[in-house]
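Read through the structures below before going on.
Both complexes shown next keep subunit A, but they swap its partner, so subunit B is in the first and subunit C is in the second.
This part shows the complex of A and B:
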């Protein structure tokens, strides 16, 4: 399936329909996974082959939903661009939304560019209801859904995809996608800015796949937006616990939520602690400070002198400071190694306690520096 | 009209299995007309299918099971009514406007059996709005088995190949994907399959007017072809003649039967008379034997009628061995030639090798005109001495048999011994006599 860039797709669309699709491909974020935009593929035309282009008026819209990608055919008529589109809901042939509950269809206005996007969102809402009704095939999964629905923290931000019942085994599967109510607003900005793409809204999604109706095979997975994942130290830094056998979502989800919240708190706390540490060093070593990271407060370089012996001290503060001990690197300004680099020595084992405040931490390296200079 | 068949369900697979099958067909000209309207449209196109639905039930009996009944529902598409534009009878939400619907269909609403839609470069699947509309049309038109025909026109990227695909849906409560294959009669290799005659009435107005104008030359006032009626008249005339001939045959058979009875009766009389004459002759001979020594010098006595033998007397009784188509006189003739000289009382002429005495009894034949085998042997002359009496009796059956009324014994002729009498069939006189 050829995925077209928004610009290419728009260039092939009939000019009268272009504004409608522009809002879809540029601003089209629907559902919980708003980090992914809506995609358009398979652009075709309903006109005769003699009609000069661009005249494409029907296409396939890819919509992320509950970890799946819905592929809906949207059918316009270039000859009658003012008419509302028709839909073919792919494999969900049984999905038949109620037209009266689609205000943007009943009052379709081709002059409003966001009309199509709003209509798609309304259809998704009915699609969600349709999937929830399909959970009735499994009482266990229906219970899971009902228990989550009652919790205001999760009930409003939930997408469910009920899989097809296996005609051979009779197995029924489903996937729950929940947005975890974690506050990422206090994460330092510098941690979020080093992403290649505009991350959009910071979100953490928990996907729980039930491979059987009795919940004996449950596979959870945590999805973080790129900025959050980077801020937390990458995908390897965060491991969620396995779904307990016989457990319920209503117990498991808060557990994961708390774990993530703690992690975020660590990160935030570490930032503040680093800033405090740097501030203390600045206070103690005022004139001896060569440079320091004024954004993330992760590095500090001091020029110290001990009995006319000058040397540099580089302090590297880890992400999970003060839990993790800072690294001190002593570097000579006189001596070179055989490779032409300034002679340096790393010191990790020195008296340290994460419970010390910044001043205390600044004092201790002062003594260590003297001993190192002598050596 | 071709038939397309899809098996809906089998209610019972055991004894008396009942299978309901639906067949749908569209004529070639209707199909091509729909395609023409659709292909010339620069957007999606829709319309209504007109036709009829009828049921055929086939009961089959075979050795494998007692019997099975097959109900065939046939949907025949006769015509179509294209819509001028999209959304002509429904709104954006898919709500059908019955007033607009009636304006499109007019008086053909009762002939609607389905509707169709043409879309280019889309999947062969009913869309959201089509399902909504179909449900409403089913309810408004009151047709539970309303069908939906979907045309899809698929073109390759370089427009070098175009494919027209069509699928007939029979949406039901459970699924909108129930499909029926649509057959078009005579669209195929007719050299290998029989050319099918359409059973659909021709709805063309031009055709109707031409038939009306020139039909009187071929059709009578009842709409039946004149040739057929003429043939039927010939047939009726032949039937009447056959019936008449049967009556004639019946009558002639009755006459023949009656005549046959008379013949048999006459034969019985003849046989009786023969017996009587033989008996009388025997008595006369016995009486003559007593008086014979006194009258021996008189060899020729004109008055001795007892010893005179009638010679060359033709047989007065027809031979029953004679073939019917011979040139002899009619079989049923009971009259004798007037100059028949044979006498009952005279001893019969002897055949060659015969023992010499007449047969006293006159044995009749089988009564139906057939003769016994002994007669044949006597005629030839080969006699069994032991059976000579019987043979004589049998052989004298048709010799010297003369009716008393029709013949008078002749006493003037004498016997020429040693020369057998020449018997002529049918009582004919011998040549020269």
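This part shows the complex of A and C:
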């Protein structure tokens, strides 16, 4: 069944329950994957048809967790809205949370709009514990879990799903979802703000699926929030090394973190280096600049003159500058090609070293431009 | 950065004042160039405190002001246009341009006097058409957000095409034009035609917040119709004074020193400065009897983004700084 939009759900729920539902559908992010909202389906009422609407008091809540979607029934009583709800935890019939360990159930206050959302979060924590218990069926995976738990970098932001044992093959599988502690805060702002609608915070999640209890079939996958993915160069930013056979998470996960951190560093460094490069060019040629990208420093066009002869130089600076060399395009202002296009020549293989500073780089194309203008 | 007091007496000094070190003026580079042209100042001093790169500030390319004043020497004292008053400058961000190309279709444009590369004679209209095509294609290549419009001026002004960001659309209107004898040049009419088609941005803080676009009029003008009759309406005056509007002129003249009807081309050329109250517009004068390359070069210089280009008197495009070296490089 398709999920209901927040507006529709809120219009059909019993009025006394509306504030509780509101904080779930509007602000409801409970797990590591903050990009997906909680969804509502199967909104129903336990009242008789004689009761005037709206009077829905029960629904299914879809919760993203460890790459799965949990479907929990939440059942209120419209005639007694002060009471806390009942829960049915999908097919996990043996998930029996301890009520006394759920503070928002113990001191349930129907008057506090965020009470339901908080209770769901607490239940999810217990669900996570329940899943971790089930890892006992595989000593190998239990070891993986234990070693991560001890590491303060990862131990506190994990979601684990231990799948059902396949009753035919006796096989066991599990998925670990980890939030990677990579610092994205220094990524240049201009790289982040262009992507449309990034509701959650900037986050990197690593999902590792174990298809067997002996960890011989392991499939890692990286998820980045959309603006981070864009800032790091698009889908190529999601490439991570394969899980080494015989390896373990406590070695692999830091590797992936380091890879991401390096990419972030390259991007930040690239921005600063491009800025320095353009500053140096402006120092040398500032009085002849046509245009330059004053936000991301990715391009610069100069007008140069030798005797009476003018020509343009377009400089394109790549994302991973200075590792990647800038492209110089020389353009004539007097001529067109036979097909009516601007007459220009691209230079990608001039002498270059990423270790030169901005000033050195500004001087070199100076000489190349001299050669080009004579030819 | 504090807005300077309007009553500040020394208008010229204000012009060479260092601009705040901003994201659009990296390392304060342009202002740190000392009069000897040396780069030592740029290299020696440590990088100035910049706003944190990751700080989530709204506004594209917002130029945040730095707290500490720049330590480097002041910019070279150059001649600034004497008519320039105190005007606030927008930050040097390469925002999209809306360029209105105004082409004079008076008969002087079809006089075959210009000397083209191969020595044959050509006319200004021909060269102008090619140059305009080069201009729009090049601007489009640099930034696809730039937009262009074409206005032709006979006895009055007519809006032919635009705004469009597709250079081909503009160029398709460019080549079927004819010149004719024109009486006078109605500058007010041209300004009114422009006024009807544009709406200039209004920004809260001119100096720090970049505008969403700027408007630039590029007038290619050749008729000898006496001094400009210029009585702008209030709306036109306001437009000319806006920090986001620029009026660049290329004046194609007959080059003679003769006085015709009490005005020489120099007087007409000088009268264009009335359109340049902020001192930030560009003007060029080119002789119709000279080499066509001059006209090409003017158009190339007009490629420069109005918010990022220097004052015209500061502009310098030489490849080689040392004139002597230039002589040596002449051997091929």
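What we mean here is this: the second predicted complex is superposed on the first by the 366 of 375 C-alpha atoms of A that agree within 3 Å, B and C clash if a C-alpha of one lies under 4 Å from a C-alpha of the other, contacts with A are read in each partner's own complex, and residues count from 1 in each chain.
Just so it is clear, contacts are C-beta pairs under 8 Å (C-beta built on N, C-alpha and C of every residue); 3 or more make two chains touch, one makes a residue touch a chain.
Just so it is clear, the model here is predicted, and its values are computed rather than measured.
Chemist: Based on the superposed arrangement around subunit A, label subunit B with subunit C as either clash or fit.
Modeler: Superposition check on subunit A shows subunit B and subunit C fit without a clash.
Chemist: What is the value, to the nearest 10 degrees, of the angle subtended at the Cα centroid of subunit A by the Cα centroids of subunit B and subunit C?
Modeler: Angle at the centre of subunit A: 150 degrees.
Chemist: Examine A:49 and indicate which partner it touches, taking first as subunit B and second as subunit C; both and neither are also allowed.
Modeler: Touch status of A:49: first partner only.
Chemist: In the overlay, work out which of subunit B or subunit C sits against more residues of subunit A.
Modeler: Larger number of subunit A residues touched: C.
Chemist: After superposition on the shared chain, which partner residues are touched by A:187: those of subunit B (first), subunit C (second), both, or neither?
Modeler: A:187 sits against subunit C, while subunit B stays out of touch.
Chemist: Once both complexes sit on top of each other, what is the least C-alpha distance from subunit B to subunit C, rounded to whole angstrom?
Modeler: 44
Chemist: Considering only the contact definition stated at the top, list the common interface residues of subunit A for subunit B and subunit C.
Modeler: Subunit A residues touching both partners: none found.
Chemist: Considering only the defined contacts, which subunit B positions touch subunit A in the complex?
Modeler: Contact set of subunit B toward subunit A: 39, 42-44, 85-87, 92-95, 119-123, 125-132, 155, 159, 162, 175-177.
Chemist: Residue numbers of subunit C touching subunit A in their complex, please.
Modeler: The contact residues of subunit C facing subunit A are 23-24, 26-27, 29-30, 32-33, 39, 42-43, 52-57, 60-61, 91-94, 117, 130, 133-134, 137-138, 141-143, 293, 296-297, 299-301, 303-305, 308-310, 314-320, 326, 329, 332.
Chemist: Given the complex with subunit C, which residues does subunit A contribute to the contact?
Modeler: For subunit A paired with subunit C, touching residues are 185-190, 193, 268, 271-272, 275-276, 278-280, 282-284, 286-295, 297, 299, 301, 303-310, 312, 314, 331, 333-334, 336, 341-342, 359, 366, 369-370, 373-374.
Chemist: Could you please specify the touching residues of subunit A with respect to subunit B in the complex?
Modeler: These residues of subunit A touch subunit B: 44-49, 51, 58, 73, 75, 77-80, 83-84, 86-89, 93-94, 96-97, 99-100, 102, 105-108.
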